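If you scroll down you'll find the structure; I have some questions about it.
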Amino acid sequence: MNPETRRRLAEVSTATLTTVLFKHGFRNLFLQGPRLVNPSAPRMVGPAYTLRYIPAREDLDRLDAFLDPGHPQRRGIEECPAGSVFVVDSRGDPKAASAGGILLTRLMARGAAGAVTDGGFRDTPEIAQMPWPIYHAAPSAPTNLIRHHAADLNIPIACGEVPVYPGDIMVGDGEGVVCIPAHLADQVAEEAFEQTVVEDFVQERVAAGAGLRGLYPMTDPRNRELLAAWRSERGR
Amino acid sequence: MNPETRRRLAEVSTATLTTVLFKHGFRNLFLQGPRLVNPSAPRMVGPAYTLRYIPAREDLDRLDAFLDPGHPQRRGIEECPAGSVFVVDSRGDPKAASAGGILLTRLMARGAAGAVTDGGFRDTPEIAQMPWPIYHAAPSAPTNLIRHHAADLNIPIACGEVPVYPGDIMVGDGEGVVCIPAHLADQVAEEAFEQTVVEDFVQERVAAGAGLRGLYPMTDPRNRELLAAWRSERGR
Amino acid sequence: MNPETRRRLAEVSTATLTTVLFKHGFRNLFLQGPRLVNPSAPRMVGPAYTLRYIPAREDLDRLDAFLDPGHPQRRGIEECPAGSVFVVDSRGDPKAASAGGILLTRLMARGAAGAVTDGGFRDTPEIAQMPWPIYHAAPSAPTNLIRHHAADLNIPIACGEVPVYPGDIMVGDGEGVVCIPAHLADQVAEEAFEQTVVEDFVQERVAAGAGLRGLYPMTDPRNRELLAAWRSERGR
Amino acid sequence: MNPETRRRLAEVSTATLTTVLFKHGFRNLFLQGPRLVNPSAPRMVGPAYTLRYIPAREDLDRLDAFLDPGHPQRRGIEECPAGSVFVVDSRGDPKAASAGGILLTRLMARGAAGAVTDGGFRDTPEIAQMPWPIYHAAPSAPTNLIRHHAADLNIPIACGEVPVYPGDIMVGDGEGVVCIPAHLADQVAEEAFEQTVVEDFVQERVAAGAGLRGLYPMTDPRNRELLAAWRSERGR
Amino acid sequence: MNPETRRRLAEVSTATLTTVLFKHGFRNLFLQGPRLVNPSAPRMVGPAYTLRYIPAREDLDRLDAFLDPGHPQRRGIEECPAGSVFVVDSRGDPKAASAGGILLTRLMARGAAGAVTDGGFRDTPEIAQMPWPIYHAAPSAPTNLIRHHAADLNIPIACGEVPVYPGDIMVGDGEGVVCIPAHLADQVAEEAFEQTVVEDFVQERVAAGAGLRGLYPMTDPRNRELLAAWRSERGR
Amino acid sequence: MNPETRRRLAEVSTATLTTVLFKHGFRNLFLQGPRLVNPSAPRMVGPAYTLRYIPAREDLDRLDAFLDPGHPQRRGIEECPAGSVFVVDSRGDPKAASAGGILLTRLMARGAAGAVTDGGFRDTPEIAQMPWPIYHAAPSAPTNLIRHHAADLNIPIACGEVPVYPGDIMVGDGEGVVCIPAHLADQVAEEAFEQTVVEDFVQERVAAGAGLRGLYPMTDPRNRELLAAWRSERGR
């Protein structure tokens, strides 16, 4: 992905991104459910690499399923490209884990940009210490085999009630995760970067006591002037 | 599919089938949510042909999407083999329709054995009159484009929290729908057919005033004898 | 139970009963979830006899559990007194059946006054034809063993989020089921019987075009007079 | 409201209306939850007159609250204009009734076009016999005072997760209820009327064995010609 | 509001308040859902100033809605009196934000006593640092326009399934938020203040090894004596 | 309970325990809902002592209920054996508290090993500071009487959708709580202890850059050798 886009997306909030995406007509690209597990992790930015689970079946989802080197969960962990975000469709069900500490450690070691499930990850106490962004809906100790069958890799999925296509740009901060359609990523990054400047300016003025009227959204030429001055002063 | 198996499955209840499947170690093959829309329809039996939806995206799921002859929903309706059951993974969301009266009429005309969604179908008042088995979780007027994107055809899906693999045998009665793993269909049909004989006998005796003890389950040798006599008398 | 109370309760609606119970300070005695399965059944009135389920455990809840003549579900069916209502605490979970056609037939044959679960019963197509009141939250084909363990009989339970004590009077109509604390049953029956007279009068007048003001609740002396006349005319 | 619009809306389905509204950019105007209580009722069409409930409070919501002639629920019943639909915001909570048989009878007697709640109505067995359209989410015996406080009349509300503004046109059929923004009603009625002609034609052809390709949506000029012929033949 | 009442309410827990309110017959005044976002904030006490959302509609809820100086969300932020708590009815839906960092900063700057929604606020990472009490049900990045329409200000609302009337006294601690009916605030504050003394005494004795019997509730004269001594010793 | 088993269970994770239990055929022994309230508490291990709530009833569940020294909640607190875990069936309902700070302090003082509810505890800010493991589903200020009636002690219950029999071994860590059937505790503890050694070894190797293939589960003789070396080196 475009390095400039990656840099910008690492500096804007998911809140700002949803506003920019709303301007483009999108109402449903913030994942409902997943929360940041490890608050000290860096921001998450990267294209989606997906894993899809369906419900488990007792004859197929036994512990020896993992002996198969082609098992999609294990294969996905080894094939997710460096820089990508591993995104899991667990049908929003955290009653069994989507993955655990060892697999997430491997993903991090392989250079993935983060991991997201709309279910749960296990080994939460350990993964909460990892210096790497992980998002889930709830801690979940049970092995995935109890409820989830890894069906396939890197096809379009649902995650947190959002459509995620492989290659869409996933961005995560302390609030949650947003999915940016791949073809719009550069433009959205640029607009959100600009929008962030305005919001920082407004936030600073409001913190200093200014009222909302005429201030946000920016309509008053006087405000535009003040913004221009503020920008040149800060070099933004 | 084996015609004898099809014939037997049309004469056993989904309740009996879940018991037989439990004996084989399966606890989760009855679809949660889907109910029969049209009570006068015949029993449903047939292999699964699947459609998978993911959440809609505003730029992709517009009315002109249907102009594409390759649109998976429309293509699936035209390609579902005669005798098969059209099974839709709608993520259990009936807030928009999985399909409606025209498409279901086309499926019936093409010889499909029934239709199942864990979401909703639209045109409920009309489809409730069709002489053909349709199962959904709730009536749902809105077009599917509002919430659902047809992603792919005939891959393993979740439907009603149950794993459904293409080719699995779907059986529906007035209680709901059960999914029998393809490789077990013949055996399960045979066992369920036998089990139904016993249950009919027990039901008849209980209706006549017999107590449960030794009868259900059958542990009393006297009852076994009576069963044998009853069977030979009825030719079952 | 008092035969006069039983007679009266068979003639008042659950709606009227909840209003009378509200006058006595009760806000939570209408069961949330259970619906009448068989619309042609007579009204249900009788003291509660209870069965409590907890979640199943794989080593305890196997098909051979039913070989035990002391299995609480089977024992409860044989011990529920004639005239009583069999009430099942299924934790509001209809994903597996609380009981099925054979057991319900046996209960009816033994003279029970009805059956209620906040889960589901199986064999719905058959039990929907029974001339006997059955209430459940949803049709449910799977055998109870898959999710429910019969733990004990005739202790206080939750059913439909309502506290049900053995001996409380259960009343069911086409709207649902209400649970009357045992010690209040005679008084509530009498008050509801009286209240029904007033409501029938009001309903008749409103159907004939009268406005609500002063009529419901009855505050206008003229209306009280009309009611007195109406009662003496009808002998109520 | 425009009588021609009323006439047309009585002949189109809620499914068709949601499609037309989707063409106008609306994705959320079909009420989630409310179902038709009385299947023999005529179609429902009329402008919304609204009642809003908030949660009850024990000191305010006592039975004597109904003695106040200004109680919003009672006042609303007496003031809802003939031809209007009485729409109730019950916060989607059917655990206590939004109203019951007497009040609904009064509404019908006063000429209202129907009643809708996203909670429940009581006296379901009686109101299911009324020749007048009533929609609720579930039967609910308990008096509204137990959970609902009538707060105000004829302001914008939520009903079934849909925004309903007083005067919006509510249309109900056997599938459910759709809310048409007031200023669009005439146009939507006209477009839906036209769209229904096309759908009837397509339905007839599909029932006769035609395939979907080029037929639905209509893209093939040959099909357009057939439609024109069909319309002139039927005088539609 | 009475400064003594404000002072006392800042020193008692919401747990104690719900017990005192239960003594007055109230069972439903603790908000279900909202949690404290910023743990280092001071306690929240103040009268409710309310904002009501209904579901958004695509033609009304566009970004330019904010250009209207009378937009209720923006107007409410500027008009909420100093010392009041801004309480938002978001229908319990956190899928889009009720407000964000800039508006909450403005509310704080204007002297409001806190902010509560039963939906979500956006900019959670920033507002979690604010030295001012904020309660929401979940972090929520998307702009309110996506799902919420600001309908009106300072009328009775539902928040967290609780009735909140303008002027009711909202009290928040690390456990959540309780709503005290305005006319009872002084009395409840006094009783809760007294009750807190007893509970502190009991807690201290239990921590020191005392058993529960006869200790709580205080019935034994010996305990009353000990309490009196403890109080005079501590000057409480 | 076996001290060696207690020691081992204090050193293995609930994630590992669910895997071992899955090998024994158990799929549903991790409690859904309860989370650790006080992160600095030690690990929780001990046999279950149970309390069962049913819904409250207004005439029975008044504040003076606590004057009864035999009130099951109070009696349970005083009778729960030292070393046991106090486990509460609150029907998964956190809208009122299962218990609060004083009772939990008493339990801790009496030597109980921890407390678990699938509802909520009150006084969360205080109990979050206790050096003793407490698990609940949500903070909940209201007194239990508002929704819960303490029905009985030390019988089999549901907690977090899991069957809990008195004497089953409850183990809790930062991820949640698992319930081990009593008769399997020693064996499961031993297997989980061994399994933990393997997982620590694997985790260390993966952290150092090893791939998953052939590493987990351990199938390659080379890996077994490395493990043996690692174990003897660490004395494990």
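By letter and in written order, the chains are A, B, C, D, E and F; residue numbering begins at 1 in each of them.
The rule is simple: a contact is a pair of C-beta atoms (placed from the backbone, for glycine too) under 8 Å apart; a residue touches a chain by one contact, two chains touch by 3 or more.
All values reported here derive from a predicted model rather than from experimental measurement.
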Worksheet item: Rotation angle for the CA superposition of chain B on chain D, to the nearest 5°?
Response: 120
Item to complete: Report the chain whose mean Cα position is at the greatest distance from that of chain A.
Response: C
Practice prompt. Report the chain whose mean Cα position is at the greatest distance from that of chain D.
Written response: F
Discussion item. For chain B versus chain E, what separation do you get between their C-alpha means, in angstrom?
Written reply: 49
Worksheet item: How many angstrom lie between the CA centroids of chain B and chain F, rounded to a whole number?
Response: 39
Worksheet item: Roughly how far is chain C from chain D, going centre to centre by Cα mean, in whole Å?
Response: 31
Worksheet item: Among the residues of chain F, which ones contact at least 2 other chains?
Response: 27-28
Fill in: Pairwise chain contacts, counting only pairs that touch as defined
A-B, A-E, A-F, B-C, B-D, C-D, C-F, D-E, E-F
Discussion item. Which residues of chain D touch chain E once you look at their complex with the stated criterion?
Written reply: 25-28, 54-59, 91, 149, 151-152, 155-158, 161-163, 181
Worksheet entry | Footprint of chain B on chain C - complex, ascending | 63, 66-67, 69, 74, 77-78, 95, 97, 100-103, 105-106, 109, 122-125, 128, 139-143, 145-146
Item to complete: Note which residues of chain F are touching chain A in the complex, please.
Response: 13-15, 17-19, 22-23, 27-28, 30, 32, 35, 173-176, 178, 199, 202-203, 206-207, 209, 211-214, 216-217, 219
